[in-house]
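Heads up, the thing below is written out as structure tokens.
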Amino acid sequence: MANSLNNISEKSGMSPGALVHVGEIHHTQSRISVLDYSKESLQEISVESINELLLYRDRDSVTWVMIEGLTDISIIESVGKIFDIHPLVLEDILNTHHRPKFEEYDGYLYIVLKALVSTKAKFSVAYEQVSILVLKNFIFTFKEKRDDLFLPVIQRIRSGKSRFRSLGADYLTYTILDLIVDQNFALIDSLAETIDSVEEKLLSNPTLDALNTIKGVKREVAYIRRFISPLRDLLASLLRSESDIIDQKSLIYFKDVFDHVLHISEAMDSYRDIFSGLLDIYVSSVSNKMNEVMKVLTMFASIFIPLTFIAGIYGMNFDYMPELRWKWAYPILWAIFIAIPVILLIYFKKKRWL
Amino acid sequence: MANSLNNISEKSGMSPGALVHVGEIHHTQSRISVLDYSKESLQEISVESINELLLYRDRDSVTWVMIEGLTDISIIESVGKIFDIHPLVLEDILNTHHRPKFEEYDGYLYIVLKALVSTKAKFSVAYEQVSILVLKNFIFTFKEKRDDLFLPVIQRIRSGKSRFRSLGADYLTYTILDLIVDQNFALIDSLAETIDSVEEKLLSNPTLDALNTIKGVKREVAYIRRFISPLRDLLASLLRSESDIIDQKSLIYFKDVFDHVLHISEAMDSYRDIFSGLLDIYVSSVSNKMNEVMKVLTMFASIFIPLTFIAGIYGMNFDYMPELRWKWAYPILWAIFIAIPVILLIYFKKKRWL
Amino acid sequence: MANSLNNISEKSGMSPGALVHVGEIHHTQSRISVLDYSKESLQEISVESINELLLYRDRDSVTWVMIEGLTDISIIESVGKIFDIHPLVLEDILNTHHRPKFEEYDGYLYIVLKALVSTKAKFSVAYEQVSILVLKNFIFTFKEKRDDLFLPVIQRIRSGKSRFRSLGADYLTYTILDLIVDQNFALIDSLAETIDSVEEKLLSNPTLDALNTIKGVKREVAYIRRFISPLRDLLASLLRSESDIIDQKSLIYFKDVFDHVLHISEAMDSYRDIFSGLLDIYVSSVSNKMNEVMKVLTMFASIFIPLTFIAGIYGMNFDYMPELRWKWAYPILWAIFIAIPVILLIYFKKKRWL
Amino acid sequence: MANSLNNISEKSGMSPGALVHVGEIHHTQSRISVLDYSKESLQEISVESINELLLYRDRDSVTWVMIEGLTDISIIESVGKIFDIHPLVLEDILNTHHRPKFEEYDGYLYIVLKALVSTKAKFSVAYEQVSILVLKNFIFTFKEKRDDLFLPVIQRIRSGKSRFRSLGADYLTYTILDLIVDQNFALIDSLAETIDSVEEKLLSNPTLDALNTIKGVKREVAYIRRFISPLRDLLASLLRSESDIIDQKSLIYFKDVFDHVLHISEAMDSYRDIFSGLLDIYVSSVSNKMNEVMKVLTMFASIFIPLTFIAGIYGMNFDYMPELRWKWAYPILWAIFIAIPVILLIYFKKKRWL
Amino acid sequence: MANSLNNISEKSGMSPGALVHVGEIHHTQSRISVLDYSKESLQEISVESINELLLYRDRDSVTWVMIEGLTDISIIESVGKIFDIHPLVLEDILNTHHRPKFEEYDGYLYIVLKALVSTKAKFSVAYEQVSILVLKNFIFTFKEKRDDLFLPVIQRIRSGKSRFRSLGADYLTYTILDLIVDQNFALIDSLAETIDSVEEKLLSNPTLDALNTIKGVKREVAYIRRFISPLRDLLASLLRSESDIIDQKSLIYFKDVFDHVLHISEAMDSYRDIFSGLLDIYVSSVSNKMNEVMKVLTMFASIFIPLTFIAGIYGMNFDYMPELRWKWAYPILWAIFIAIPVILLIYFKKKRWL
């Protein structure tokens, strides 16, 4: 993952406004799908060039243009030309190393953020940058990859049961943001599980493997936080925005997303603290283990080294060693061999080493 | 406990406003109890459907509707319909993974917070989400479980001694908030006790068990803080609110709750620091113990290993070893066997190892 | 000390305004002393009931009512009735677990703070809550215990030398605050001494005892900070206050107290950092010691274990061991016995273990 | 590098406005190059003295004066005299130990910041201070060294393809800032690589070398942060500036730079946390290794020390030791010699030491 | 140094305004020197009593009264009487344990700060409190000791070359502040050197001595920060001040000092972080060393303890030990004695212990 976040220096020194795709290239052809809906109608089409969208521009229905894959720069260029988008925005759409932000322009809003998708069991995250251009009755979404990220929203539009279709482009924007933000809850669940599984092992058997997991997750959380904390600013500016593209009545929905972001952001902070704590626990547990190992060593050594010495004495070959001739010497020595460990064990017991 | 906080991702991708109960399901049937009181009268009834409440809506008396158990979604739906509550609020009531917040709507206020109840001796906490809807002369409280949480308030209303009944819905709101907030003081007491009991063991005998307790409490405190720190914002917004539902004269009571929240929040912060410190103390204590173990080992080894070597020398079987024939060799050796430990012990004494 | 800070949950669930003494009960009878002074006159009386104070209420002189001991709730109740004090204030006066705060009411100001008194040599602190009610020309002070805390102020009033008596109730308030705040300087001195004495021992001989002291002081500092940091807010609100009870000319005195609080608070912060650092030093010092112990063990073991092995070889009883018959074998072995330690010692010297 | 940041005390006590070059002296002669361009024309000249610039002062074209090398103080002095620059600004230009800042003066803007250039493979950074004076249609840039830092900008002006030449001095300022800020992305890439290479080694083989790298990079990051975090303030003040030198339309470009600074600053913060974490991982990994070493020692010692003792017993020379005469004694002893290690190994296996 | 910062509790309980010198007493007689200068004239006199200053009070020239040594309280008292200074200011001047602050009074400004002078090679700091009273055309400076602190400023006035003498009291104030602030740059240089010298030793040979240095410097930096961080507030209030004593044109100079304070403060923060990091490095380095020691011990023990056991076996005196009679037994044993270490060394090599 670090991979997809590195090499962000490629474009430095270039002209601003020079449209170049910066970031990991997903070798997928760009695809443009359009969803045009109003209370009564729903139209799903797949277009080849942006020019075809001119038809929908002045309609009253909401038109959602989904562009997947950013390799075909000409598409972005035409969007810029036809809908009069500022070159810096186009540049930002193509640069997939962007921090989440909200910008208000004359006639449109620009939102860029990261969709974080928990991929597998072992807390691993896939990042995808999503840019949203919100015009009056017209929404462009730009994604790096072709995937099913927006499927739940599309299905809700298709089903037509809820009041969805009777609401404007601002409600669609909200739904998309809500979807992307709420996917982070899955990350939090995954984090919680990882903590539980790591913690169990930690105290009983602190291995390098557990250390590795802790390290990996800590780093992942550090990256995630970099994409989640700017979301607060993003939504705060969006809520402060006085653009007429967002209806005052819709603000309550965006406030709801804001609450979710706060929740996620606080949860992330506390999980991060917990993970930092796990490292301390790891070290504590390891030194505890070592302490135990040391005790075993010390007890074995303290008991048998003196005994070996005593045995060594009577293994000496001096001509004049009267004890060697005594009849009870050997049994007495055995008594000593038994007495010394007993005394030492009592001593260790007292010291609470046993 | 972590359990009840996980799996918050269940609802992502659903329509906002789709009323689904999110969270641990407490298999209790929903129960609706109503308490209607004024200075002169008191009426306690148990209703089956929200429609029955229409009777009380336009009365001057204060009506408190307690809804326990959130499994019966139709109840929440009828509250929404009859009292004209925003769908997002209804959704929030049903989602029991919510961070505490205060929201002001046209005609009503919405408060959601967590009641933290210290359950057993060993610092363990039960979480229950409480949502409060405050209308003019009408209060709804929504709880996850059927329990005695509100009993003290109910009894004060029943007793009728204090001025309670002559005060409005805002005072009832205050009393409920005060009750929930003040229960955290018990948590603090419990924390203080846990610290005392852990600390005592820590220096004398740093076991894995103590480490486990520290770890557990640290994590619990991390969770608790996530519910207590937003309370500050909650009460700050409530105090700033200009809604006419809250009388200016009642603000002083909410300010008192605010002070308690500050107190608790600061206490939590300082206990958290103390607990973080305990881990350092643990590590220090363990390395101290290990140091002691090492000293014992080193002393035994340093004393007896050289002696064993000397004994070993005279256990050799060389033909030409003149010392073996000397008469005083053996006693002299014994003198050496005594002298070496004495010298080493003096040396260790000097090094303060004894 | 922790004791006096625990058990703050006693009162939760009670009616606000129910006057109950919360906190450690000091079994002292409540005592009321009155000091009434003006530029010309000074009157010291001891009254039995608050009713007697009615005499002084409308005089121009400054009347200082000192109430010591909070067990007699009827006294607080009469103060409330006669001087029209809000029930929540009376409740706060009786609850001795309060965080310092300043509140402005119609006709009076309420200040509550902790007097921290350094008691003995070994950094130990006694806490006493002091509540101050400031009315026009009338001051109530409520203390938990009977002690000499206010003696310096009383003596300055008695002496009558300074301009003290010609100044109003606000100046008296300032003097009391100044006295309580400045007593913290003694704590800081005591902390500095404790640090010096602990530090000296730490590097030379890191014992469990030093660890215990560090732990104790760290915790004490954590508690102290909880009472000192709210003092900033207290004085900041007091300085912002527009009450006519405090003369604009007196503000400069309160600003002086504010400066002292900042000084103390910053000093506390830096001492806390120093104490946290001491724990790191402790751990460092312990591992250093252990390193030394290990070196001694390793050197003894590395030198004598190989020698013992060599002696062991020639202690074997094989029939065919030609060396045993050689004349110079034994002296040569002695040469080896001397050479091996010399070589190893040179090696250890090179490794800087000596 | 620390070198170039030290010795900043040289000038203390001097008169402010006394023009003295403070900082590492790069023994390069100062060089003045001028680039004068408008939509139609482009002129590149190299001038000897500032007086020659008078020609360009009142033209409509944009004139960019690049001064490289700060040893020739007379150049700075003439700039000050001819273009009426405040002495303190001139002093700041010459002092290359300045923290980044933006200042607005009558008729010109002053920007000073550091260009950080990643030099070699092993995360090493070269610092160069760049001062920018922005007048109406006139820009001065002051650099410490002669290098190719500005080459990309110069080439873009030369190429004349983009709209660059038709834009004013504010756009040039933006381009220069953008260039300098974006070079930090290369630093971040380099950091990420260093982390990856260090981390790999860390768990498998925690050497002093890795520790040294971590230490070095941590320190470097600490220095870098000191130059990057003030950039936020710099750009924030620039964006708030109401100077007519910066066109309102250009603000969007500076906002883009601001976003980049935020991105870099956040990335730096998270990399710094990761590096701090690496040290913890290092310690954990080292104690893990030590634990392993201890286990090997303990197992060897625990198994063979008792065996040696038993062998020692039957090496004793007592006259009366019946076992020595038994026929099966020796084989039985061998059985014991095999049984003891087997039992101990099972025991260690159970303790998960193997 | 800690000494000069302790014992700040001496004065608690005294009347505010009671002029008592609080702090370490430098047994130097107070000295009053006066420097009166205007564009044309310069007069240096040494006066005995403050009364003599009345001559200069209403002149247009700038009069700088330097008071060195604070033991003679009568001097401070006369300044107070003659120039109408508030008693609390006089008290603050005499209390040399004051945190830096700026206060604006009717007719004069009061500035108090610490001059930190790096004294010797081994990062040691001398503290001196400097109080400045700025009146219209009149400046008082109060210093604890007689030293050459202000010499550079005095010499600049004497030289009369710069525009200094034509500027007012505010410029003189600036020059003094600038002098005191810029002396901290020397501290930073000294810190950087100390770090370099400690760091070098740290990795190669982590001694208790290095630990002691780190500890000492950390503590010193903690003290320094307590005097430097309030300087920000001091200068911020000064810049906000609307007193007519400070000319608007001079503000740019004070802003320059502010920039220096920010620079120093940030540098101090980052050095403090680096020093905290050094302790971690120390611990890491010590455990690394210990690991090495352990490896040596373990290798020696693991190799020779089994060998000794084997030798012990054939040192037993059983009657029936067939191997003892075999001709090749002894050479075969030697082969084993060589094989075992070789095998173990290969094993250790594989484990990267060598």
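Read from first to last, the chains carry the letters A, B, C, D and E; within each, the first residue is number 1.
Going forward, contacts are C-beta pairs under 8 Å (C-beta built on N, C-alpha and C of every residue); 3 or more make two chains touch, one makes a residue touch a chain.
Predicted, not measured: the structure shown is a model, and the values here were computed from it.
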Number of hops, chain B to chain D, where each hop joins two touching chains: 2
Equivalent interface positions on chain B and chain C, same or different at half: different
Chain centre separation (chain D, chain E; CA means) in Å: 26
Rounded Å distance between chain A and chain C, as computed from the means of their C-alpha atoms: 42
Set of chain D residues in contact with two or more other chains: 283, 287, 290, 294, 297, 301, 305, 308, 312, 315-317, 321
Cyclic chain order - from chain A, heading first toward chain D: A, D, E, C, B
Chain E partner contacts - residues on chain C that touch it in the complex: 152, 156, 162, 164, 174-175, 178-179, 182-183, 185-186, 188-189, 192-193, 195-196, 199, 203, 252-253, 256, 259, 262-263, 266-267, 270, 273-274, 277, 280-281, 283-285, 287-288, 290-291, 294-295, 297-298, 301-302, 305-306, 308-309, 312-313, 315-321, 352-353
Of all residues in chain E, those that touch chain C in their complex: 2, 5-9, 11-18, 86, 88, 97-99, 101, 205-206, 208, 211-212, 215, 218-219, 222-223, 225-226, 229-230, 276, 279, 282-283, 286-287, 289-290, 293-294, 296-297, 300-301, 304-305, 307-308, 311-312, 314-317, 321, 323-325, 327, 329-330, 333, 337
